[in-house]
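Chain naming follows the written order as A, B, C and D, and within any one chain the residues start at number 1.
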Amino acid sequence: MSIWARIAGWAALIFGLLYFFVPLGGLFEFSLKARRGVYSLDAYASVFADPQFQQTFGYSVIMALVTIVIGILIVVPTAYWVRLKMPWARPYVEFLTLMPLVIPAIVIVFGYIRLYNTSSWLPLTGSVMGTNILLAFGYTILALPYMYRAVDTGLRTIDVATLTEAAQSLGAGWATILGRVILPNVIPAVLSGAFLTFAIVIGEFTLAALLDRPAFGPYLQRVGANKAYEPFALSVIAFAITWGCLALIQLVSRFSKTAPRKA
Amino acid sequence: MSFLTLTSIQKSFGPVQVVKDFNMGIEKGEFVSFLGPSGCGKTTILRMIAGFETPSGGTIQIGGTSQENLKPNQRNIGMVFQAYALFPNMNVADNVAFGLKIAGKPKAEIDARVKEMLGLIKLDHLAERYPYQMSGGQQQRVALARALAPKPQVLLLDEPLSALDAKIRVSLREEIRMIQQQLGITTVFVTHDQEEALSISDRIVVMNAGRADQIGTPYEIYNRPSTRFVASFVGTLNLIEAKVVDPATNRITIGDQGITLREPLGAVRAGDTVSLALRPEAGSIAEGAKGDTALSGEVISSNFLGSVIRTRMKVGESVISFDMFNSPGLVPPAVGDVVTLRFTASDLLIIRE
Amino acid sequence: MSIWARIAGWAALIFGLLYFFVPLGGLFEFSLKARRGVYSLDAYASVFADPQFQQTFGYSVIMALVTIVIGILIVVPTAYWVRLKMPWARPYVEFLTLMPLVIPAIVIVFGYIRLYNTSSWLPLTGSVMGTNILLAFGYTILALPYMYRAVDTGLRTIDVATLTEAAQSLGAGWATILGRVILPNVIPAVLSGAFLTFAIVIGEFTLAALLDRPAFGPYLQRVGANKAYEPFALSVIAFAITWGCLALIQLVSRFSKTAPRKA
Amino acid sequence: MSFLTLTSIQKSFGPVQVVKDFNMGIEKGEFVSFLGPSGCGKTTILRMIAGFETPSGGTIQIGGTSQENLKPNQRNIGMVFQAYALFPNMNVADNVAFGLKIAGKPKAEIDARVKEMLGLIKLDHLAERYPYQMSGGQQQRVALARALAPKPQVLLLDEPLSALDAKIRVSLREEIRMIQQQLGITTVFVTHDQEEALSISDRIVVMNAGRADQIGTPYEIYNRPSTRFVASFVGTLNLIEAKVVDPATNRITIGDQGITLREPLGAVRAGDTVSLALRPEAGSIAEGAKGDTALSGEVISSNFLGSVIRTRMKVGESVISFDMFNSPGLVPPAVGDVVTLRFTASDLLIIRE
């Protein structure tokens, strides 16, 4: 192996790390500078004291949980059924779940606004609760690719078809198979999809802004436009949350590797 | 009527007919192997018995009851898969108990039965282990115990040994056969390994392109193959082209050596070509042997394969291989030697497609 | 198989399809209604005639191409090297490439603004070109997960280690191996990653808006706030573009399946 | 000095020593097989010769030149991999031409050599095919041609047959051997299949846990295994525990049957236990045989395996298997029969670890 190739490889890796961590480092350092001349947590104190922070963050957490529930209800049975009985449909379903990645969120929102405006058959945008429901479904679309991929990957680690047949030959019906055989073996995958969904919803800006809901993303942007140090503290907090979610995913997937279900 | 009866079974996947008019009766307590290359339909028949596939035509009866409207989970069948298929989230005891719990047995009965089953497969000490903590052979034994625990009417084994190492394969097949005989359970075994089928079965079904080419005991299948396919799939075989000299006296020639067959040639004419089969292990070298039970030829290769030495000689247009057991004193024939192979009259079979 | 389970499976699939296509259908129908009482393409004509549309769209296309080039230069050698020589590093690199999915774009932008503001060591935000560079790198981060995953999937279909060793044993050096053996076999994967990147950059809103660049995303949003029918026409156009990209991916991956490189 | 010389080769991966002080000389034109279970270090030695791994200690010389500072692409070595490793974006001709193009040969020479190579593997007609359009056996033959095209000094074969079907495996191994002898190229072949190694090699190295347990011709390895590991890994083997009665006269007992060995027992005392090895194919049933070349026992099982019938009998504490060729007239011994197995004096080997 050429020494140059080796250096190039390491350089690429280090560059990748710097690419992420230098901006974050700068961000963090600046967020501590609210008090002139010394490092302090003043900006953080100010952020946490802001009632708007608490409100928007709470709102986003609730929306994230709702999104996760909707996502699991849609994705888990679909992914199982596609793997078991409609393997020919897998490329199509994968294609479908890929679409949210490339259909701009704006398009989705405009579609919703048009479809569910106050003069439509289902005037969801006319009420707060209706708009919340719209937002949750929008988030679900955004999170769908990750949720589906996570669950599908989880299903791939077990032999869905054979386990189902083994359970059937032992007399089990569909409810037993799903509840006692399939679900216990994909729980880590479901959790991993849930954490990703959580991180995405917490940081999302476009959907919430366009539907005009008091979510954390727009708040972040508002603070950024009007204050000096707080936005950086907020960014660090948002990053810490998403980082925490990622770490949880890693933990869960590591746990699942040593746990019996890996096999 | 037999215990497990398959009548005019057919199965098509789209335009492909995988099983073509299959008929067979399997007696209670019998061990029947389905042997054939991949795609011959053997696994499809097994899956139709289990209820995982619906026959396109025909009926399956077990103990006199038609299985037509029964779902897989209503058939009371035990199945062991190539991929073990133990439930990864349950330990050994829970896996074995699964079918009994579904059947709603009382806890005491379940515990007793699990214990009995683990004793049968000699894994009592591993009851708390999870599948991923065990070797493939152990997992497959647990899968066997799990399938047997609810006392199924029929045990189906779908290439259960294919994923295992050679040595474990041999010991586990003997263990399966022993347990099967001990319990007297009707068993259908699917495999593509001829030695496996020969060593374990009461009867063998040799499948070819959706049909049963031959159904018989291992001894019949090996020594009296009824088609060219069976002869070549089961064991190694020399196929020798011979020319008919006189159908009335069963006289033929191989190269320039005349032989009078014992078996009648049937409806052929002088000058026709017939195919004869000779197993490599059937002959032995005997210098000076002549007549209807000997063939001479020039040695073209001699290979040391360990327990046997396989020599090939040319007789007319045919190449005939024959095996000798290796022994320290044996001098294998050299390339270019002319040797005479002696066999018994019944070794030379006529293959009639 | 129970008839109910079968129905449930199909219902999930159909629901998934409706989930995407009903909003889009409503959108499309409304975009044709600019002329009272009849369907017409007036809204589309108005959009295409707008010089701002042409400018912003052209700008976004150029940014997308720049992003694709940067992405390929970073991802292809890294992915190859990681697969070949640092398989232990794969989880970490995958983790890294997952981060942009969950670090809100806002955080990235604030980091950049802080790091490269007019008073910093590299005052990129002080000039138009500098801001453009920042934006391109921001887009690269956003597109990184898809590009990396595409290339890595492409590399997975070939036996990188053995092909490399086979070429080495025949006397080939690193340049030959990369150029003649590896690259020709992952071109479809690279293209697929490129198309995804293109679709993402065209529709992106947050980064461009916060860095105040004349990109297509913010234009879309501006039009949406001020006009009646044009925003819907624009959404349909944006969707058509992304859809076109997706169709291209499918074509490329199908082509690659019948082409020799699949093997 | 030999053409390919390995001197005190060692290799560790972290704390694990995979190859321990390996020494061997391979002559020009020799075909040497490395045989052993997975993890025994055989592939690691091959990869060190190729330059893909760097030895932790020792030297490798080819034709008198140390390979220490040569990269894999400077060693002029041909290699064939288990996974074929044909370049999927090139057709057969381009694959075979790859090494020649890298070497900068003129086009006319490349074309001629590619043609010659495709003739050698009998695939002239498939020059335009892509790898994915060919069977595994064909792909592996192309891989062989590709490795041979640049006229390498040494040909390395890394389990080239493991991914193929049983029948193709046999025919391709014969083809490889033929081509190797025709070109007279020095070849190192790695395999875990003992029959493969026995049938194809000039010499075999039996590897065990990073060491060479025995180096010898196939005949020596099979008939005179020097360790218990070699004896049990190569072929099937009965290991019989015997008690020494009188070291001076080489008298031992197996169960209650006394036997005088021909081979001297060496440094043992009366009452010691020694291990004897007997191949299953070495004996034959001979009623009434007595003395130093016969053992009697009760039959505990008799299995029909196709070409052979394997019978197991109990002699004292040991179980002895023996094989008979199947033939239509043969009546296999029944379970419970007492039979006498006769062998020749040289069949009974003393295993001295």
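Keep in mind that, in the parts below, a residue touches a chain if its C-beta (ideal position, glycine included) is under 8 Å from a C-beta of that chain, and two chains touch if they have at least 3 such contacts.
What you are looking at is a predicted structure, and each value in this text was computed from that prediction instead of being measured.
Separating the centre of chain A from that of chain B, both taken as means of CA atoms, is a distance of 53 Å. Chain B and chain D have CA centres that are 28 Å apart. Centre-to-centre, using mean CA coordinates, chain A is 18 Å away from chain C.
Residues of chain C in contact with at least two other chains: 1, 173. Chain contacts: chain B has residues 71 touching two or more partner chains. Shown here, the protein chains touch around one cycle, each chain meeting exactly two partners. Every pair of chains in contact is given here: A-B, A-C, B-D, C-D. Chain A meets chain C in the complex at residues 1-2, 5-6, 8-9, 12-13, 15-17, 19-20, 22-24, 26-27, 30, 74, 77-78, 81-82, 85-86, 89, 93, 95-96, 98-99, 101-108, 110-112, 114-115, 137, 141, 146, 173-174, 196, 199-200, 202-206, 210, 217, 220-221, 224, 231-232, 235, 238-239, 242, 245-246, 250.
The part of chain B that touches chain A in the complex is made up of residues 50-52, 71-79, 81, 83, 85-91, 98-99, 102-103, 130-133, 143, 146-147, 150, 156.
Interface residues of chain A, counted against chain B in their complex, comprise 158-159, 162-163, 165-173, 176, 181, 184-185, 260-263. Of all residues in chain D, only 174, 194-195, 198-199, 218-219, 222-223, 234-236, 279-282, 303-308, 323, 325-329, 344, 346-347 touch chain B in the complex they form.
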